[in-house]
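The structure under discussion is supplied below as structure tokens; questions concerning it will follow.
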Amino acid sequence: MRCASAAANVFRPGDVVLLRDVLRPSLAILSGPLRLPTDTEDKPPSVCTHRGEVRHTAILNAHPRTLVKSHTAGATFVVTFPTLEEFVNFRKRKATPIYAFDAAATVALADIHIDEREHTVFEFLEAGTGHGSLTLAIARIIHAANANLDKNAPRKAVLHSVDRNKDHATYGVKNVREFRRGLYAADVDFHAPSTPSEYLQSRLKSITDHGDSHTAFLSGAFLDLPSPELEVEVVARCLKTDCPLVVFAPSITQIVDVIEAVRAKNIQLSMCKVVELLPGMGGSMREWDLRRAVLRNPPDRKEEGGSESQEKWVCRPLVGERIVGGGFVAVFRKKLQKTRRDNAGQLER
Amino acid sequence: MRCASAAANVFRPGDVVLLRDVLRPSLAILSGPLRLPTDTEDKPPSVCTHRGEVRHTAILNAHPRTLVKSHTAGATFVVTFPTLEEFVNFRKRKATPIYAFDAAATVALADIHIDEREHTVFEFLEAGTGHGSLTLAIARIIHAANANLDKNAPRKAVLHSVDRNKDHATYGVKNVREFRRGLYAADVDFHAPSTPSEYLQSRLKSITDHGDSHTAFLSGAFLDLPSPELEVEVVARCLKTDCPLVVFAPSITQIVDVIEAVRAKNIQLSMCKVVELLPGMGGSMREWDLRRAVLRNPPDRKEEGGSESQEKWVCRPLVGERIVGGGFVAVFRKKLQKTRRDNAGQLER
Amino acid sequence: MRCASAAANVFRPGDVVLLRDVLRPSLAILSGPLRLPTDTEDKPPSVCTHRGEVRHTAILNAHPRTLVKSHTAGATFVVTFPTLEEFVNFRKRKATPIYAFDAAATVALADIHIDEREHTVFEFLEAGTGHGSLTLAIARIIHAANANLDKNAPRKAVLHSVDRNKDHATYGVKNVREFRRGLYAADVDFHAPSTPSEYLQSRLKSITDHGDSHTAFLSGAFLDLPSPELEVEVVARCLKTDCPLVVFAPSITQIVDVIEAVRAKNIQLSMCKVVELLPGMGGSMREWDLRRAVLRNPPDRKEEGGSESQEKWVCRPLVGERIVGGGFVAVFRKKLQKTRRDNAGQLER
Amino acid sequence: MRCASAAANVFRPGDVVLLRDVLRPSLAILSGPLRLPTDTEDKPPSVCTHRGEVRHTAILNAHPRTLVKSHTAGATFVVTFPTLEEFVNFRKRKATPIYAFDAAATVALADIHIDEREHTVFEFLEAGTGHGSLTLAIARIIHAANANLDKNAPRKAVLHSVDRNKDHATYGVKNVREFRRGLYAADVDFHAPSTPSEYLQSRLKSITDHGDSHTAFLSGAFLDLPSPELEVEVVARCLKTDCPLVVFAPSITQIVDVIEAVRAKNIQLSMCKVVELLPGMGGSMREWDLRRAVLRNPPDRKEEGGSESQEKWVCRPLVGERIVGGGFVAVFRKKLQKTRRDNAGQLER
């Protein structure tokens, strides 16, 4: 069993891989989808690095962590599948991404546990798609509901990712398809309505047209928009009871605006918490610099501390790097609605 | 479909629920598994809160976010399923837990994407089990591989959680079973060997006894131990190529010891990064205090700023809370091994 | 010379001292001013601790770091002069103080360097006085201008600390007088006008009445008020060119309001920077827990790691403490004013 | 009085000034000491900026915050005295400086309050001098003791700054002399012994030679050295009772080494606290980005949110900057020594 897997675990056409310079590990390049050369092209497909080209054929059929050399400059690279963080950071961008660990933390705050044993379809909303990094983070967490299903079976979970910018939708499709052999591609549908509310209202209309009295159809919603306060009302209407609305925003004043809107329009959301994702390496975390390095001692200290050049631990937070990522996340949950049947119960104010 | 789900989505016997005081939301109590009263007991099963008892029968068949009253003191509580964070924080403890968001961040650093389409079994190690919060976080991410399988089909992924303290193993089983109707219970096996290495060596022996030349069987390993440096050598031997070893430790010097051991014993691991999970609310994140509050203005400012008591935004990091969580995480990946077949290739130093 | 000093450096009547429990160093008590017993009182003056009373006579004439015992419970305390941080933290409070290191950082941001060689009087404003901790921090930095002056010589620098709450002013006087033998007492004047602007306008009027055309008289101003935006206009008018206005506020939205006011009213201030003092131990700093502690090893590890119980370093950020302090600080500087004489020059917008 | 001052407050020969580009305020240049042109030079003295040269004569006699133009490119700059932070950051460097706010926080931790009314000389040690930024921060806090003294009166406080690198000493002299018209120059003596201990031992010997039995002469010591653990023993011997030793180090393991040395050699120091100065802008503080900026709204939102392009607040921690500064600071205080006279007392362990 494992042998089969080990044999299978080599790079194949279509894979996107990361090449990291073994001598300068901070230099890394993401390939395009690997492919075999065709008869008609003059130049074989290659990854273009800062230190020469590496042919796709040198990577195809190799195991992850194989060392390859650039054809031209003779530099050595270790080849791996990119982590989600590397995929987001090294991918060409049209928009500032939500950094991978910020996206993971944002999704953790939503606390989604889809029970695939339930007989229902779990629908989620993400607005806007942007770079697609939050999309991948959400898809990963809802993926379980669709895993191991028969090819023709209907999906049990779907993420609707909307962005009025058609480029973002196109880009999102491409990103999701090219990450880890499209593992999460079937979990997401992309849409390009002019606003998130437009999309949701057309969905609500279609549900009412079917005579369904339970119009709430979302098991969770994520907003990453310049003016999220304009969308919360319709989103809240679509959320099922106790399901989360998560708002990500770079500025705390955007979160203030959302809370103000919830209050002013008496939107049926209960605020759970507001957190800051601290800027740094993403995910609020701090990277540390841990290594042994040679420090020079004064000559007359030789007899005390040993040799003149002493190897010591460097053990400190990493500095000199640019601060990236960060942002503010507010988590709300839909209140229980009074219905004819539940008339007797008390409701949250 | 959704109607059925909505009807089904009520609390059932066996559910563990959270009761939050509506007037003082920071006060919350986790119930034991809900159950119906039996004929033989004098007192019906209840949740004991700081403001009186709430009978299980008042919760059973109610929807999440229903308001219930304590039988004795007349306090009102909103009832929900606990989030993973609430489950970890409010559960009775025998050990300091890894806080839920710290556990989520630790798992995110491992960057696990199990492709359930592959024909293999993915095995993971966690040592030690402790409070079981990291266990739940890992189980959640490997769960997809086992989702929607036929009852009798073999699992495609399994987490081996080991702890020499038999209480921890027992407690881990109970925790995983009682969280969200046991959603992740089938994903974890608990063991109580005297050391993690003992468990791994027995596994290695059994593989070699079967004549299998590929002895590496772990797709990932997580260590949360007082002396992780004593286990890394055997763990590294069991890891498949490019698979992650993640070490969580409260003190940075424990991480120093691990790196020292890898160096001294020439263990085939490549260090990827060391990060700090900042203490605070867990997950390195900072909670903010965002609300409107009344501030009093000096009397002679009435004409300028409006009324005497002005409502203003409080918009600041939350203070006065105890700092919890935090820790250091080191991520390593297994290097590619020279085998008879791969003899020609270059290897990472 | 030094001998004299060493002899003199003992506790004297009037000194306020800190007693720290040697067995539980986190327990500390601030004394009132020490004094000799009088003939008329039944009970000798004592410091009341959680573990019995310590008589003032046991402390008077002792050197700092002397160990004293409580009369009743026999606990041992080390006696020292309180640091500014200890004085602020352990002093009885009527208002939330600005923590000592937050105050020090706030003053550092103002970058005050008084050149006592100049022939002028340097006046500063602080509004409001509150607990007096920022007062002490400012006094300390302007103290140089008044140091070593003849008793009857006029002061070269003075801090005007205003608070409409007369209790705060009274309390401020007492705090400044009782810290380190009143070292900074002569550097501060306390006032209790109904608003800071009222105080400043009376000063401006008095200057104009004297026929002085240069009305700006402040070399720096510090605001710690609920609505600082109401005072900036008058404060700016009183500031000399290039002198700093520093606004401290717990909420970032208060800083937003100040910047909005500067913009809307075209106030002649240039914004230099906005910084956050991170909550924690004050001063944005994080305290670490560094000590050796005994960790138990599994029994079968004895041969590898040495003895069963191994002493290891604890080396991590301090947790379990309450997060205190923090806040936001905005620094502005007064722009150059167009005057008849300077007519030709260009001015900052 | 004030008029005189206002007239005097113009730039004079010898002043070092900062020129900040009004259109791109992040671009700033520190001048050399200003001077008048001489007859013999072809080119008048100028500040060379990225956008042309500014003649010293355009700055001399101008007030701070005057706008000047570059002679060649016509760019406009606002001229001020540099703050201590700007002086440290923009000065040409031979060593990585301790950032100005880190230095201020380090000094605040020492809690120095020199009482100039006492009849003694207060001596301090700094090792090593390095860039001179900690030197300036210490000098500023001890300056009060020497302020307003007669020209020929002996100093009441002196900082001995030692560095085995003679360049550092030379550079330190120059830096202290050129900051704010040499305000703190008389407060510091620079030495270049081969180790700090060598300097201290020569001082101890000279004291003993004079027959003085109280050899401790330091009121405080600051170490910023690669191996501070080699110097603590001698430093501790020189410290007066209860006076602080402050160790600054980039790596936490250097602090571990110092504590280990204090323990192993039973050095008479009591550890007060270990803190981390968080990297960022220095001083552990975080800079925020607060400004109004135009965000574009979707066209169909015009009726709701007003015009198409809406001006909104940007209100977030500053990102994209390099993380600088940071470090660890340990504060110790000298224990009370048993002397013949104090024989009876108990001593701190």
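A, B, C and D are the chain letters, set down in written order, and residue numbers restart from 1 in every chain.
Just so it is clear, contacts are C-beta pairs under 8 Å (C-beta built on N, C-alpha and C of every residue); 3 or more make two chains touch, one makes a residue touch a chain.
Everything numeric in this text was worked out from a predicted model, so none of it was measured.
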item	value
Chains in simultaneous contact with chain A and chain D	B, C
Pair sharing more residue contacts (C-beta pairs) when A-C is set against C-D	C-D
Chain centre separation in whole Å, for chain C relative to chain A (CA means)	45
Chain C and chain D, separation of their C-alpha mean positions in angstrom	20
For chain C, residues that touch 2 or more chains besides their own	252-253, 256, 278, 313, 315, 317, 328
Partner chain C, residues of chain D touching it in the complex	1-6, 8-9, 22, 63-67, 76, 78, 80-81, 83-85, 100-101, 104-105, 108-109, 111, 113, 115-121, 140, 143-149, 156, 180-181, 183, 212, 214, 217, 240-242, 252, 255-256, 259, 263, 270, 273-278, 281, 283-290, 292, 313, 315, 317, 328-330, 333-336, 342, 345-348
Interfacial residue positions of chain B with respect to chain C in the complex	164, 194-195, 198, 226-227, 230, 250-254, 278-280, 295-301, 304-305, 310, 312-328
Chain C-touching residues of chain A, taken from the complex the two chains share	252-253, 256
